[in-house]
Amino acid sequence: MTDFQRPSGRATSDLRTVRLTRHYTKHAEGSVLVEFGDTRVLCTASIEEKVPGFLKGKGQGWMTAEYGMLPRSTHTRMDREAAKGKQSGRTQEIQRLIGRALRAAFDLEAFGERTLHLDCDVLQADGGTRTAAITGAMVAAYDAFSVLLGRGLITKIPVKSFVAAISVGVYRGVPVLDLDYLEDSDCDTDMNVVMTDAGHFVEVQGTAEGAAFDRATLNSLLDIADKGIKELLSLQKQTLGLTK
Amino acid sequence: MTDFQRPSGRATSDLRTVRLTRHYTKHAEGSVLVEFGDTRVLCTASIEEKVPGFLKGKGQGWMTAEYGMLPRSTHTRMDREAAKGKQSGRTQEIQRLIGRALRAAFDLEAFGERTLHLDCDVLQADGGTRTAAITGAMVAAYDAFSVLLGRGLITKIPVKSFVAAISVGVYRGVPVLDLDYLEDSDCDTDMNVVMTDAGHFVEVQGTAEGAAFDRATLNSLLDIADKGIKELLSLQKQTLGLTK
Amino acid sequence: MTDFQRPSGRATSDLRTVRLTRHYTKHAEGSVLVEFGDTRVLCTASIEEKVPGFLKGKGQGWMTAEYGMLPRSTHTRMDREAAKGKQSGRTQEIQRLIGRALRAAFDLEAFGERTLHLDCDVLQADGGTRTAAITGAMVAAYDAFSVLLGRGLITKIPVKSFVAAISVGVYRGVPVLDLDYLEDSDCDTDMNVVMTDAGHFVEVQGTAEGAAFDRATLNSLLDIADKGIKELLSLQKQTLGLTK
Amino acid sequence: MTDFQRPSGRATSDLRTVRLTRHYTKHAEGSVLVEFGDTRVLCTASIEEKVPGFLKGKGQGWMTAEYGMLPRSTHTRMDREAAKGKQSGRTQEIQRLIGRALRAAFDLEAFGERTLHLDCDVLQADGGTRTAAITGAMVAAYDAFSVLLGRGLITKIPVKSFVAAISVGVYRGVPVLDLDYLEDSDCDTDMNVVMTDAGHFVEVQGTAEGAAFDRATLNSLLDIADKGIKELLSLQKQTLGLTK
Amino acid sequence: MTDFQRPSGRATSDLRTVRLTRHYTKHAEGSVLVEFGDTRVLCTASIEEKVPGFLKGKGQGWMTAEYGMLPRSTHTRMDREAAKGKQSGRTQEIQRLIGRALRAAFDLEAFGERTLHLDCDVLQADGGTRTAAITGAMVAAYDAFSVLLGRGLITKIPVKSFVAAISVGVYRGVPVLDLDYLEDSDCDTDMNVVMTDAGHFVEVQGTAEGAAFDRATLNSLLDIADKGIKELLSLQKQTLGLTK
Amino acid sequence: MTDFQRPSGRATSDLRTVRLTRHYTKHAEGSVLVEFGDTRVLCTASIEEKVPGFLKGKGQGWMTAEYGMLPRSTHTRMDREAAKGKQSGRTQEIQRLIGRALRAAFDLEAFGERTLHLDCDVLQADGGTRTAAITGAMVAAYDAFSVLLGRGLITKIPVKSFVAAISVGVYRGVPVLDLDYLEDSDCDTDMNVVMTDAGHFVEVQGTAEGAAFDRATLNSLLDIADKGIKELLSLQKQTLGLTK
């Protein structure tokens, strides 16, 4: 294993360069461009003054997410889902994941009968779009709630805990953090982890792409995920000016 | 915790009564009714003598799964997906999971340019339909390959390892095995685990429905999942007459 | 014609073995597995406490039917309609037929503003699925109304007349009752008949698959349909404990 | 019954005025406007030089029908099916009926690997659109085959027998021929009959809209259908110049 | 250019023979068959006693248009949009154009909370269907408002200005009026112009099919469009009996 | 008119600040971010090594465009078209316009059997998205052809003429260039003009949103469009390094 090397030259538990750019577009209440290396996802948070039918009159809010990829965000052009007339199973799976992660971060009963729509659109894909989306959407949602706070519609940001997400995987036999496209398309195990700033899991989704993996490997992967997520949570708070 | 009790009265690491009935319907090459307590799923395996376009001419086979619920398999009637004209995100997520699990069990390069279609249809739902589906589809697929073997089209069953699946979760603070509907609709954490008979993971999908969960809880959940899956794997082999 | 023989060895006016199993699944208000030989259809009746828009406020109820086939209920696997995103013309034709038949059996003005949803799902097909579905749905609907009666929501079962259905056809020149798959795929005329226990017709749908048929043949077919339906009506009532 | 009267004043076994106008539009190989009183349906027959996949290479032809109603062909405007994105069950049922009827009239093995598309579009509806469509499509198809004959692509019109169709029903207790809209929307039994010029049935579809009907009524209905269809068959041949 | 000749022999600024036949079908409040030579479009205007959601309670009306082509209105049969499950981009573009043109002709605030549905269905196509549709829909709409006036529901026809439409184009280098199919499929520039009887433009849509066109050509095209539209406006009013 | 003022303070024939940023994303052969003031559209050009069915074997290429808006590119969030399962009429109209404009710029017979897909996705909308899209797609297409040239697959860029597009309109009675959102939502006439660098028109699409417009107004609008497009064409060439 001495000559193991990641395509990017990163150490096994190194994140790519991560950037969170707030106010990336002007209309949305929250708008964040998140970059994990060459992966770029635009996360917007939009406030709607009503809730879906199943929540009407219950005095609580809702958060939901949608995910999309621009047709040429990828190496070869993908068909546009709007043109095909349906979203793929992968798209639906990812947007359900983002929604669950963000609903774990905020107190749905603390911002009235409103819906927060999180739109995560991939401008450029290079692996890890779903984890970048969750990490960026957290900041966009926070910004959107700040707008509500500024308008006097809520009395405090209804955050329960910050969440961030990262992928980990077994690349050429070695557990590594934050897989880029080259690693992702050639790994044995791929795991996406969503954690809170209390160090607890919101989601753990591990899949053996090639060989099944054992308990020891699972533990190694969770260890480096924990390290990476702590760094992302720190960056989120710093970007929002909550820490220095 | 002394007075903790599961609605069913089961011990925390007890499976429900599991039954695998082979040859449940007569047309499919493999046809298994799997029952996890009151959950009943019909799993059929159908052989098609061709592969999807992306595999044409590569000399290998493919396995794919579809999942459905009869409209009144559930407590209240659900709209029929065929009538609505689309499958829900949940349906797509489940059928993708079943497909990945089964593709991990068999050697796709060892049965020629054929597709094995796994159809998992829920006749009655009481929690755990996706894990029952995987467990039953394993047996149905094995039976279908036996048909190919009997016809002299393959020289041995192309099984790499048996797979089975179970749900585990945190119900009223306690990790429990094989959640039924009452537990599933009132649990904090829900995890589906797919493992091979080598004791390795194919899938680990844990979601915090309520409170996020810590590493110790994750470990307890994996421990009881391991126990349950070993029992299921044993039952599969016994049902197929591979063990006594 | 001395050596005419049906594939099954049945006499020309023999039904296959018919079984009606009540309470086949546990959630639906009515749940009947109907078997006409190897044809097996699960008929559930679900009560919904509202009516479609066009009946709102009119003080009457509604009954509607849906029909589906599991993908591998048939000799070769059919595409799943939910995955294709639409129901075939055949499916729609059958579910409209079932709905009309059942609405003829019950008094829509005698059970309040409720909808009875009849779901007829074919687990195994061997000819005659639509007539089995009507025959089974009659019993499932009766059971569902018994539930309403038991809850004190209606004062009597709103049945006007029992209905049952059977197929008849001309197989190798001879009119026969209750065609199975082998006969159905090789017959000249195929007719589905729905009758009440007063001996009246609700539906007569005859189609010349091959040669057109004359009036005498039509009369012979109706004669044996009459015989078969009387047997089915008798079995329905016996199954429901209304006769011995 | 002495004061029984049909809304139109017709005798019980009178057809409405029927007109068949050939060459109604100029592009189609066959184009017939058929009028049953105020019901007006444009039937075109289009030849396509290929067959559907399931017939490729079998050396035979195919005939298929589509049916549509202009949005304001009816008393109140109906939604346009193209805008709704799907055809109703009624539409599909009717176009399947038209297709079966026409395939019974022609020898599919006698015109090569070609498809005849029959499009029946209702310009104005006043009851009996499906029977008018079959009656008109017969003439349009004949004309289209004449074009093939004229081009030397076939050696004779591949007609097996002429078919025509009419509705009959029980209106205010009396069997009547060729129901118009007023009768159709207020009848107890509605039956569509398709017959050949040999006097044989191709289709018999009777439905009890209100009270179920007995065998004697069925016989009366078939008697007057027989009379009406003979008149239509005669008119078809006269229009085509086959008789005087 | 001395030997320039249009396929039809018309002079460059001649319309084809235009006919407007009112009351073409009997159910619609307005029903006009418009013919521009061999192009025949049935335009119906249907009144609905409600407005779309976005106008509810605003005290004004709405006008909207739908466009369709019968499958064999064209040289070769087109797939039926209802069967394909979606309207083409061309269809949507045309119906949006018709809607805008008609909304420019009438005062939406002067006929209450009603919707006027304009259905323009092409029975036979020979170029210029969209301009024929607009020209015919104007008359159908006027007739429908006359019905409202006759019922005392409005006090005057809410017409602001008459509109008519014509196509112009550059055919073999020469600007010509009212392109038929032969010209349309072989022209360099195609322009559709909608004008009011005040001589003002409602729509100008010019497209260079082949070579781009210069300002002088644009001016010539507008000159002949102006001439043609004046003739159409005159015919509309004469047909409605507003002028002699 | 002395106190006429545009919301932005621009002179009547001033463009907004226009920026063309090449290589905005890394996977596409051409990738340009075009900004017209606050309107930002990402235009990518993707090369596919095949043509649509109707061009197969004809030795020529094809160019086609798709258009989309991110859900929160607008003031209030729009539903995602992929989630709704269809593209709106507006979307289809715009992508057809972009496709026609670009096909006018390049010689389809000069780059082999390839398709150039132009994807124009609006990141932020502030009026004029379709004209920005055309202007940016021209540069993206040029870059994509440069890639083909660099790979030796073509021998020169197959450009016939540069095209650019701009909107003009009548705002508060005054013809103005390049409408922003405030002007666009409050104007009487809206016109989109596409021109070549030879000063010829490819498209002229003028719509009277409020009052119809006369010939003199049309001429004024075309004059300022001409001025604006010349500036855009100059910027395109400068951005591509073709001029200084």
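We call the chains A, B, C, D, E and F, going by the order they appear; numbering starts again at 1 in every chain.
Basically, a contact is a pair of C-beta atoms (placed from the backbone, for glycine too) under 8 Å apart; a residue touches a chain by one contact, two chains touch by 3 or more.
Protein identities per chain, from UniProt: A, B, C, D, E, F = Ribonuclease PH.
No experiment lies behind these values; they were computed from the predicted model shown.
Its interface matching that of A-F in over half of the contact pairs by residue number, D-E stands out among A-B, C-D or D-E.
Once the centre of each chain is set as its mean CA position, chain B (Ribonuclease PH) and chain C (Ribonuclease PH) turn out to be 33 Å apart. Between chain E (Ribonuclease PH) and chain F (Ribonuclease PH), the centres computed from C-alpha atoms are 28 Å apart. Centroid to centroid, with C-alpha atoms defining each point, chain C (Ribonuclease PH) and chain F (Ribonuclease PH) lie 60 Å apart. For chain D (Ribonuclease PH), the set of residues that touch two or more other chains comprises 85-86. Beginning with chain C (Ribonuclease PH) and continuing to chain D (Ribonuclease PH), the ring of touching chains reads C, D, E, F, A, B. Residues of chain A (Ribonuclease PH) that touch chain F (Ribonuclease PH) in their complex: 25-28, 31, 38, 40, 42, 44, 46, 48, 66, 68, 70-77, 80-83, 85-87, 91, 117, 119, 121, 123-125. By the touch criterion stated above, chain E (Ribonuclease PH) contacts chain F (Ribonuclease PH) in their complex at residues 86, 89-90, 92-93, 95-96, 100, 104, 161, 191, 195-196, 198-208, 211-215, 218, 222.
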